[in-house]
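Shared chain: subunit A. Partners: subunit B in the first complex, subunit C in the second.
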Partner chain A sequence: MTWVGRSLKRFEDAPLLTGRARFMADAAIGARAVRFVRSPIAAGRIARIDIPDGVSAVTGADLIGVKPFRPRLNRSDFTPIEQPILPTDRVRFVGEPVVAVIAETPEAAEDAVDSVAVRFEPTPAVTDFVSALKADAPRVHDHAPANTVVDAKIRPPAVEAAFATAAHTVAIAIRSGRQSAFPLETRGARADYDPATGRTTLTVSTQMPHIVRTGLADVLGMREDDLRVVAPAVGGGFGQKMCPTPEYVVLIWLARRLKGSFAWIEDRHENLMASFHSRDQAHTVKGAFAADGKLLAIDVDLLCNIGAYSCFPVTHGVEPLMAMAEFPGPYDFPAYAARARAITTNTCPMAPYRGVSRPAITLAMERLMDTAAAKLGLDPVAIRRRNLVATFPYTSATGIKYDAGAYREALEIAAEKVDLPGFRARQMAARAEGRYLGIGFATFNERTGYGTPAFAPRMMDVTLGYETVEVAMDPSGFVEARIGASPHGQGLATTLAQIIADELGVAPDTIRVIHGDTDRTPYGWGTFASRGIVIVGGACKIAAAKLAVRLRAVAATLLQTEAGKVELADGRAALAGGPASIPIAELARAAYHQAHQFKDQPDIGLSARATYDPDGTYSNACHVAIVEVDVETGGVRLERFLAVEDAGRLVNPTIVDGQVRGGIVQGIANALFEEILYDQAGNILTTSLMDYAVPTAAEIPPIEIHHLETITDASITGAKGVGEGGAIGAPAAVINAVADAVESLGVAVYEMPIAPQRLRALIRAATGKKR
Partner chain B sequence: MKPAPFAYHAPRSLADAVRLLTELGDDAKVLAGGQSLVAAMNFRLARPAALVDINRIASLDFVNSEGGTLRIGALARHARFERPLVEGVLGGLLPYVARHIAHLPIRSRGTFAGSLAHADPASEWCLVARTLDAEIVLTGPKAERRVPAADYFQGVFTTALRSDEIVSEIRIPLPGAGWHGGFAEFSRRAGDFALAMCLALIRIEGGRIAEAKIGIGGGADRPLRIAAAERALVGQAPDAAAFAAAADIAAREIDPMSDIHADADYRRDLVGAMTRRALAHALRA
Partner chain C sequence: MTDKIAVTLRVNARDYRIEVEPRRTLADAIRTDCGLTGTHLGCEHGVCGACTVIVDGHAVRSCLMFAVQAEGSHIRTVEGLADGERLSPVQQAFHDHHALQCGFCTPGFLMLATAILEDNPRIGADDLRHALASNLCRCTGYHNIVIAVQAAAEKMR
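Take a look at the complex of A and B:
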């Protein structure tokens, strides 16, 4: 019996569903409460801080010797920027922490925050691309003229030639609004000093405990081994919980300084205002097409608003450089030019969020395809069919190798499932009744499961990528897999157990996955970039295979045969083709307690360790949305959503479906609902769930998922990453569908989110109806 | 997200509650369902020094209809209106409106009277009270006042209610035979506050509209009746052309609010669309 490929129920679910899982706020009980006085202005100087008698507080002036965050890429087109832990002179965004206040309870801490008086002297702020890029714009960081902190370019000569001879040139401008990753559990942490050992434990709602420890130890000037980082149950992260932040530095500083326990639990208002944002991009895209719709060249200008500061370890280069490198997507075309800039503004800093730039570039590419199709009289399937990569391995215009996928197959299956000709007929009939239906396709590929070979070209101070796993069987025959990565909802405790179970011939429920504790796990990176099942799963497979070799050797001695003839299956070690077998649990007992019998073995006991550091593997999908636009209100109703996706081998199909579905919902939110807004002065306008419109189940249609399984040797388990794809394809599919619905009114849609107000304004402008 | 310190009182009678309000003065607030007040306190947008919790005053927990009037006590929760309470046009209409109010947990706790005391311009119950010419009963230290809805609503979160008074009851005259009612609302998500909504009642006699009540909520600073639209409907056949003309008038007449979800132009568009749809709904219902 094998376990990979089966929809096992998640081992994680029982404690989550019965309320027994411990989240950050549970872990905070008993610690003193910390709360932050935050800047109410977008830009200015701190003139004076008055802390009343009886209030315990820490300001930047107290944090002597604590260094700022200064994430860095070692490349000439990158300008580093520093983030003070608590600023002493300037503030750069509304919500920036300025003073930390300590009290016995969270309620008292809020009262204490009210009592602290900080006098700010506002200076002019920049919040958007247009004002930030002006030569005389106020500078967010003095050393960054025109607020430009990444300016990367590719411009091969072939691009100009392609445009000069192309039959058609299509130019569009794309706007992707600012979104929050919006984990259901906000950020939070607790720091405890242990006077016995002198060590400090930071319990923190994070996706990457090891790198958080490195980043925090660096700025605090600590030995890393003096700091233990523990992740409790994490209620979502989606990228927002990757990077260490000033709040955590302050907690550790307080715990060490005052030799006690301090906790901060972020509230929703703070989360929307001051936890990393994402997606704020503007693209100018030109495509050169042959008469038959073949794409010949792309020329893009990519602007990314990265907010006031950078993010460790991925830096503020992550969005523009990802956008530039991955823009060509699933399409085969030879000539590509790009300029990608990171623009710093007086807004909340950006960090990766599920999809990282690819929701925006997929929107751009897919709107370009539909716009070109309309111009050339092709249907959306035909133009994609003509341009999708069909032979693998393929090297993209930016030099990235694509392993095999099912690009065209996904498109053809999606087109068949939605019955495009049938839909067109229904669309015409509806239009005659004054109803506006639309269909939108999005085809995309997604680099997943990439290790240091993929990160190295970014020239990062910290090159991320590998994962290490330690697998050990104890004398009772139960297995622990200790992983450096730290799942926050992906179900790795189940899926990794399935992978290990197949190597060891034991049941998955005899395998416990240990994660989220730097004292208990090998150094590793975390859960981000659609990498868990590929890299951690791959490392588990290698480590478990090594452990299986040890088990076979022990069994061979006990069965008086050769290791090569031992099979591990169904909890037993058996002689191939014979009746003799031993329960694996007995092998474990013998390996530890009859060690004298195994003198030929290199080591006592049963453990193995492996690292996996792959180049990466491309997942792909085709998403289709069918919508109805209410042209009087600008409201969009999703009628149907379909995804045909290829993420290689499905380790646990139910978990894959959950990942796809969750991503699609966030993508729908990106397309139609969620947007962080600032006014011109840099005041944030969307800090409650009334204003920041997270969709509910009522707004989400049933989502149909169809799987393809292209297995390539780019992933030793055959699995490709599936964490982000849903969020990458859905926005473009939805916006293409909205655009299709209103095209006959002369309305052009090139932005997201397209809130009802905005869509109605476009319709009003196009139809010219005045009251 | 934690409220500022406050004192808490839980009187057992309306008289005690009013006495407490009189003693505590401007800084006291009445707590009924708490679905707006407590959220505002957690945001520290509201910082009452004291809360007077009326949930233990059993005499305020009633809904009944007698003599052609629907009487709603101060503790009647939104959820109570999800099933028909009266005969006639309101029998189906009030449950339909109630289902547009927020989400089930909020409807289980929040009260009709609390909505009127809070006076959010996008409150469904404020629109119902205004459109149906309700009388708001305000109980103070000296006497009871009965204020017509037309005078009660004065602006955003602003009403005729004094700090020493409680909205103790709402009285809605029940429309008689021949009335048809319809409702239409547009919000971004299920359960969100309306960006605009319309409650429309028309009385049809001999194939013509004899009387009309057009109420708009969410469009301006308070729920409004659009008298010009009502006049335009009277004498017309209840058809699409008449409804469209009334909708255009409503959109023109309104003095729209502007916020991040709906600027003034958009609100006008929505008011027009919702008016037309509410009238169409009235004809179907």
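Take a look at the complex of A and C:
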């Protein structure tokens, strides 16, 4: 009996269901409260800071010796930018922390924030990339002309030739609005100084405890081992909780300086205003097509608004360079030209958010496909069928190797499930009644589970990628798996136990996964980039297999046989083909307490360690949305959403489905509802849930999922990454569906979110009606 | 604002004698003064519903109510749902149907669903989906939450 492949119920659930789980705000109780005075202006000088008597506060001037964040890529087309921990001269976005205020309780700290008077001298701000790019635009950072901090180009000669001879050239421009990852738990942290050891523990709601420790120790000039980073239960992250931020630096500085405990819990207003944003991009795309619809070349200009600062360790190159490298997606075409720019503006900084650029590039490519299909008289399935990669391994136009997937199969199954001809008939009938139905397809692939071989070409100061796992069995026979990554809702405590259980022949509930504590786990990266089950799971499999070798050796001694003849299953070590067997728990006891019997073993005890650092593996999917547009209100109702996806082996099918659906709903939100907005002066307009529209159960239809399981050797467990795919494909499927619904009105939709007022504006413009 | 008022909150059938500022929300009092941190705060302006508790039988956003307003009421929080180690039907259904991922919204959804089903375990599918739209979840896409509450409804009829 194997455990991988079964929908085991999660080991994580019990404390979360009963209110016993300890989240960040729970851990903060009892510490002195820290709150931040934040810049109310987008750009300007700090003229004067007045702190009333009796108010305890820290400004940038106090933080002597503390270095700014300065994430780097070592490439000539990258301009580094620095983020001061608390600025002393200039502020660069609304919400930037300027003064930290300390009080006994959160309420008192919030009162004290109101009593601090900071006089700012505003200077002109730039918030959008069009104005920021102008030669005479105000500079967000003095050393960055035209506010351009990444300007990467690929332009092989074959592209010009392809466009010169192509039967059709199709040009579109898409716009992706700015979105917040919006974890339901905001950010927060608590720093505790331990006078006995001189160490400081930072408890922080994070996805990446080890690199957060490195980043914070570096700017504080600390020995890294003087800092312990602990992640409590983390209430969602989706990328927003990857990077270290100034607030954490201030907490550690205070704890060390005042030898006490200090905590900051972000409120929702701060979270929407000053935690990381994402997705603010514009792409101008030209496609060269043959007469039969075959794509021959792509030429794309990618603009990414990266906000005021960079994010450690991935830097502000993460969005433009990801967009440029992955733009070709699931399509086979030979010639590719791209320019990718990061534009700094007086807005909240960007960080990775579930999908990282791929929701936008998928929107661009999938709108291009539908636009070309309409021009060439093809249906959306036919044009995709003609262009999807069909033979593997495949090397993309940007030189990335795709392992095997089921690109065409996913499309064909999706088309069959939604019955495209049947839908067209229904659409015609509805149109006759004045109702506007639309269908949208999105096919895409997603690089997942990639290690240092994939990150190294980015030329980062910090090359991310591998994961290390230590698997140890204690004398009672229970197993601990210590992982450097740090899950925040993905269910890794369950799925990793399933993988380990199969190697050791024990039940998963005898395996405890330890994570989120730099004192207890090997150095590792975290949960992001659809990597947990592939890389951590792979490392668990290798480490557990090594431990199984040790167990077999111990058993062989006790059973007086050869290790090769021992089988581990159902909690017992058995002689193959014979009745002799011994409980694994007894082996464990013997390994530690009768060590003299195992002198031939390389080590005492039962533990093994392994690192997995793969090249990466491509997941793929086809999403289909069916919508009805109310042309009078601009409202879009989702009638049906279907995903046919291939993420390789399903370790726990129920958990996979949960990841897919969760991602899809964030993608639907990206397409229809959520947008962070600024006015021209750089004031943020969306800092409450009255303005930032997160969808509820009422807006979301049931989501159908069909799985394909292409197993490739690019992943040692056969599993491919599944965390981000939902969010990558859903926006394009929904926007294509909306575009299909209103196409007969002459309305062209190339932007998201297509909120009602925006869709109405397009309908008004196309139909010439005033309202 | 700092003069404290003595209040007795009855939470999960137990009395908590606490002293709070008049401006202290019920959510903060439950979490900090009563020490029941299972009730979570996601927005503190009454939209996300993570702080939902049951006050005198009604699902209430505890961030929008002052602690002093709750004196004399019977408050129920997530800590009071299980009977010892035995999960309530709604809790069990959330576990069985994978209706939680990060778990931060879960206490609020459990209290909301409990109030809905105690009021009407025969609630129709559309009404149930609409009622569950009171709260936000960022992880699950709601699909399994709806299925779990429907499954719990079956048990509670």
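Miscellaneous remarks
In this section, the second predicted complex is superposed on the first by the 770 of 771 C-alpha atoms of A that agree within 3 Å, B and C clash if a C-alpha of one lies under 4 Å from a C-alpha of the other, contacts with A are read in each partner's own complex, and residues count from 1 in each chain.
Everything that follows uses one rule, which is that a contact is a pair of C-beta atoms (placed from the backbone, for glycine too) under 8 Å apart; a residue touches a chain by one contact, two chains touch by 3 or more.
Since the structure is predicted, the reported quantities are computational estimates derived from the model, not experimental observations.
By the document's definition of touching, of the two partners only subunit C reaches A:22; subunit B does not. Looking at the superposed arrangement, the partner reaching more residues of subunit A, out of subunit B and subunit C, is C. By the touch criterion defined above, A:685 lies against subunit B but remains apart from subunit C after alignment on the C-alpha atoms of chain A. Of the two partner chains placed around the shared chain by superposition, neither subunit B nor subunit C is touched by A:262.
When both complexes are overlaid on chain A, the residue A:698 reaches subunit B and subunit C alike.
Of the two partner chains, neither subunit B nor subunit C is touched by A:11. Of the two partner chains placed around the shared chain by superposition, subunit C is the only one that A:662 touches, whereas subunit B remains out of contact. Of the two partner chains placed around the shared chain by superposition, subunit B and subunit C are both touched by A:107. After overlaying the two complexes on the shared chain, residue contacts for A:654 are found with subunit C alone; subunit B is out of touch.
In the superposition on chain A, contact of A:236 is made with subunit C only, not with subunit B. 107, 111, 267-268, 688, 690, 696, 698-699 are the residues of subunit A that lie in the contact sets of both subunit B and subunit C, per the superposition on chain A. Contacts from subunit B toward subunit A in the complex involve residues 1-5, 43-44, 186, 188-193, 195, 248, 251-252, 260-263, 265-266, 268-270, 272-273. Across the complex, subunit A is touched by residues 1, 21, 23-24, 31-32, 36-45, 47-48, 50, 77-79, 81-82, 87, 91, 94-96, 98, 100-107, 110, 129-130, 132-146 of subunit C. Residue ranges of subunit A in contact with subunit B, taken from their complex: 106-107, 110-111, 114, 267-269, 632-635, 673, 677, 685-686, 688, 690-691, 693, 695-696, 698-699, 755-757, 760-761, 764, 771. Those residues of subunit A whose C-beta lies close enough to touch subunit C in the complex are 7, 9-10, 12-23, 25-26, 29, 107, 111, 182-186, 233-236, 238, 267-268, 488-491, 654-655, 657-658, 661-666, 688-690, 694, 696-700, 702-703, 726.
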